[in-house]
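By letter and in written order, the chains are A, B, C and D; residue numbering begins at 1 in each of them.
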Amino acid sequence: MKINGVEIEDTFAEAFPIKVARVLITAVNEKWARVAAAETTGFGTSVIMCPAEAGVERLATSEETPDGRPGIYIQICTPSFKTLEEQLLARLGQCTLTCPTTTAFNGLPDAEKQFNVGFKLKFFGDGFESAEEIYGRKMWRVPLMEGDFLVEENFGACDGVAGGNFFILAKEQMPALIAAENAVAAIERVEGTITPFPGGIVASGSKVGSAKYKFMRATTNEKFCPTLRDKVDASQIPEGVSGVYEIVINGISEDAVRKAMRAGILAAVKVPGVVKITAGNYGGKLGKYQIPLHEIL
Amino acid sequence: MKINGVEIEDTFAEAFPIKVARVLITAVNEKWARVAAAETTGFGTSVIMCPAEAGVERLATSEETPDGRPGIYIQICTPSFKTLEEQLLARLGQCTLTCPTTTAFNGLPDAEKQFNVGFKLKFFGDGFESAEEIYGRKMWRVPLMEGDFLVEENFGACDGVAGGNFFILAKEQMPALIAAENAVAAIERVEGTITPFPGGIVASGSKVGSAKYKFMRATTNEKFCPTLRDKVDASQIPEGVSGVYEIVINGISEDAVRKAMRAGILAAVKVPGVVKITAGNYGGKLGKYQIPLHEIL
Amino acid sequence: MKINGVEIEDTFAEAFPIKVARVLITAVNEKWARVAAAETTGFGTSVIMCPAEAGVERLATSEETPDGRPGIYIQICTPSFKTLEEQLLARLGQCTLTCPTTTAFNGLPDAEKQFNVGFKLKFFGDGFESAEEIYGRKMWRVPLMEGDFLVEENFGACDGVAGGNFFILAKEQMPALIAAENAVAAIERVEGTITPFPGGIVASGSKVGSAKYKFMRATTNEKFCPTLRDKVDASQIPEGVSGVYEIVINGISEDAVRKAMRAGILAAVKVPGVVKITAGNYGGKLGKYQIPLHEIL
Amino acid sequence: MKINGVEIEDTFAEAFPIKVARVLITAVNEKWARVAAAETTGFGTSVIMCPAEAGVERLATSEETPDGRPGIYIQICTPSFKTLEEQLLARLGQCTLTCPTTTAFNGLPDAEKQFNVGFKLKFFGDGFESAEEIYGRKMWRVPLMEGDFLVEENFGACDGVAGGNFFILAKEQMPALIAAENAVAAIERVEGTITPFPGGIVASGSKVGSAKYKFMRATTNEKFCPTLRDKVDASQIPEGVSGVYEIVINGISEDAVRKAMRAGILAAVKVPGVVKITAGNYGGKLGKYQIPLHEIL
């Protein structure tokens, strides 16, 4: 299968269950919604050593936010609801409440699982806080130096999907990078998904465990390392390829992850120098979800 | 004392000791140096509930980076060297190594305290890594999908200063915000300091502990909340002020923090609508460092 | 009439006929589409002394562009079709063709008036150019240093509307500026309109002619100058207002301009410190179009 | 000669005299200084069909601007002082005066040639303007809707240099583009020069005149077109090169242009995939200035 002259390998991405909380942050303008989102979701690429996987989902226009201001949906993901509540409380409390002009809304108001994170954050008001019904939502008003901070009482979470992915192989590193940037930009328009790595891109796609260092939970995926092409058995790097990036996608459902993979791949193949798209899997042995590239395209 | 018509209160900022690691991240361009820095220093505003305080110090031009590429200095701060090493390892491993085109250099090569974080990160190479002397530094080369990642073997840390600060009071919230943005931009040119809060700004300046909720380590500083002006005793909000932001500064030395406070204040007072600058302290009872505003201006 | 506590004056904007060409520029990513658009529409605020009025209309997603790349619609406006063709040729030839990775598509393919600007630009190929039917459009392929430039043969133009407008009055200059920025961002999502002034905003709203200098075609609108509030008769500046910005809107139809005014005003009133919205007119004596604020809100 | 593994051809750039005006625009923040600069210097790539060549020189820090605000130096260039004065008046009047929060200062106060453009712009004040000595400069204060606009009375110009240049040849278009972006970023730190093309980059390097169309003043430089490599005699495209960008540099002196070329080339060669740097000349027959690449590196 070829799209725009780029080979799409007949393989599948393998993905896993994760718990996902979704928050809508609004601010006086898009700049400050983005700043809040970046700080709140930072240090959040992989639960291997980060306390959560987190990222920006998409912008929300003034028409769709409860307060009519520019907004941004973010997701925070951890393996259990217990750690998810801790992360929500710490990240919203330290990185959203502290950020100029923000309001934090429940991004999954209809989810079965709800955490009363807003109720807990309101203690920052030291007794000067108050409850209000605004925009049809139960909110807390907490007086701050900048004015009042509004936060919804509850924040919802759901069973989601982690580790949706595809690889972009290009003749040189720079076309691979531009293609990966474009894929991330396209995915930012898809409802329900995030790309938790830095700028949405993984420079260091990994394999589970290690052949040499038993204490490592993940190590470099040497079969996809261009500089190891002639040094490892069964290298997956075609001749003439010297740059590979992986896009990892988490989301609130398998369907959302599939749509994001599709949008990202279609954006990536438009960049001159891209020669192949493939995906990472473990032969179907580990993950609950299998997403075949040819099926989604 | 007045500067540009803005009153500078005769008071002082009170600051505390902290441990500071400094890293120089270079990348193919400024965009990717910034992305790496944002992810690596994210979820890092206050050690009250974040695992570290972290932020961007300043851009490093191609002329001054070891590899001649655009770079950025970041700082990571925690109360002890033990937690600092853990944070360095987790943040560089998960957020810098994974980020496209980055190289991580020791930002305090002459510090007495050195952590061999690069040595530990190299295990990601699963045996394909190699040591090299490059740019006069001991580096590790780790093969990745994108190509090779270079990381210096050691990263230095020192005794630094946390909680340098000043408050910007303005007639409206928006002038206070623009002034705070300008202060942060000016501080980003000062060697040796960071502003760890979102976008460098604190919307929610706090006091230690709580009058009402004993389980809270910090709560809103009600005396500086404009909407509580008529509801609390001894409000510090002058008539006509409806927006206040705090800039919190950490740095590698008291001198650096002083210079940053000076640069930030001089930038803030240029914005129309700003009426007063003051600073936060505890009467000198808690912090090791006292920085009088009139002395630094 | 009040929205979000902001007074909307019961008045109307007065607008005028103009000729409008619309171009869709695509590029390898949004950054380069924006760079091309900025250069191509620069020096284009008012036909009083600029050769055209020009600006960014809106982003076009990969789904809607003929080549599936990120794109941006721009408009170029002049009083006559003759000058419009000259401006199209000069601006596309000097600022779009020269810009990395761009393709220029006809933004009004169904308009009655069509200029064969692409046919004229192809002479740059010095005989190496060729015609192609691509994406269902008649395109020219011109070999360049970067690769091949594609440009559609024809570019359409129509009778449009210039000078739709509203004024944002705020307590301070900074809230007025943030509100104006937000208005421009909201208008950038509206189909068919541009805000030709720098960053979309007019700092210097004017009146026709001059009371004192007969050689001036336009001079400051002293009735709306905050610093002249106590020096002129019939100042329109309410007490407590010290900053005013005007948003000027051109578009392909009166309906589009109305929608843009609505979107911009609704965004502006969300900013703290904004106290009033009004609009500029000449009592209905000069312009063909009258757009009452209360009617569109 | 090789730098970082990239061949530097032993050739020279050929450049020409031009008249250069230099303006320092300050604003409330860097964003608005950049917006003013972009609009004021837009539609300004080449005097072949633009009314001027214009661009951003460099940022000016608060420490060095007369009013202590963030600033940006721009240059406007035309073949004669007569057209230069016209362009200064039109561009500053329509694109800087109209732009939020700007002040316009003389960027060449010591030049012999001075235009009283500020004196002419002050007529916009319709009699409400006033002269003031501020910051040690003779300024005009013009009341506007946003507040007062300040503009220096005179703006200086000098004999400068146009057409300094170098070409970046890469294996693929994307590495050439990233390298060109990096070169432009490096040149933006050099005093006294601009890169007038879109984003600082020329996608369409040209030759004087045309072999086929006698009415064309400039046409594609077919010897450097990768897609014509096998179709033209004496192609200058090495095997394996498929993307070339030219950086064109104007400046206030040959020395400044030399420094910019050096800074740009050193930045470009750092990008993976770049294989060669060369420059454009006419055999030394046309231009007054010859700048050998090996001499400046």
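By our rule, contacts are C-beta pairs under 8 Å (C-beta built on N, C-alpha and C of every residue); 3 or more make two chains touch, one makes a residue touch a chain.
Remember, predicted model here, so these are calculated numbers, not experimental data.
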Next on the checklist: Starting from the defined contact criterion, work out which chains touch chain A and chain B both, please.
Outcome noted: C, D
Checklist entry - Hey, which chain ends up farthest from chain D, C-alpha centres compared? => result A
Next on the checklist: Can you work out the whole-Å distance between the CA centroids of chain A and chain D?
Outcome noted: 40
Item to check | Distance between chain centroids, defined by C-alpha means - chain A, chain C (Å) | outcome: 35
Checklist entry - Which residue numbers or ranges of chain B touch two or more of the other chains? => result 28, 147, 173-174, 177-178, 242-243, 271-272
Next on the checklist: Show me the residue ranges of chain C that touch chain A in the complex, using the header's touch definition.
Outcome noted: 4, 28-30, 61-62, 67-70, 147, 178, 181-182, 185-186, 189, 266-267, 270-272
Checklist entry - Which chain B residues qualify as touching chain C in the complex? => result 170-175, 177-178, 242-243, 271-273
Checklist outcome for this item: Seen from chain C, its contact residues with chain D in the complex are 28, 32, 35-36, 38-46, 48-51, 89-91, 93-102, 123-128, 142-149, 167, 173-174, 176-177, 180, 197-199, 201-206, 210-213, 215-216, 218-222, 224-228, 231-232, 242-246
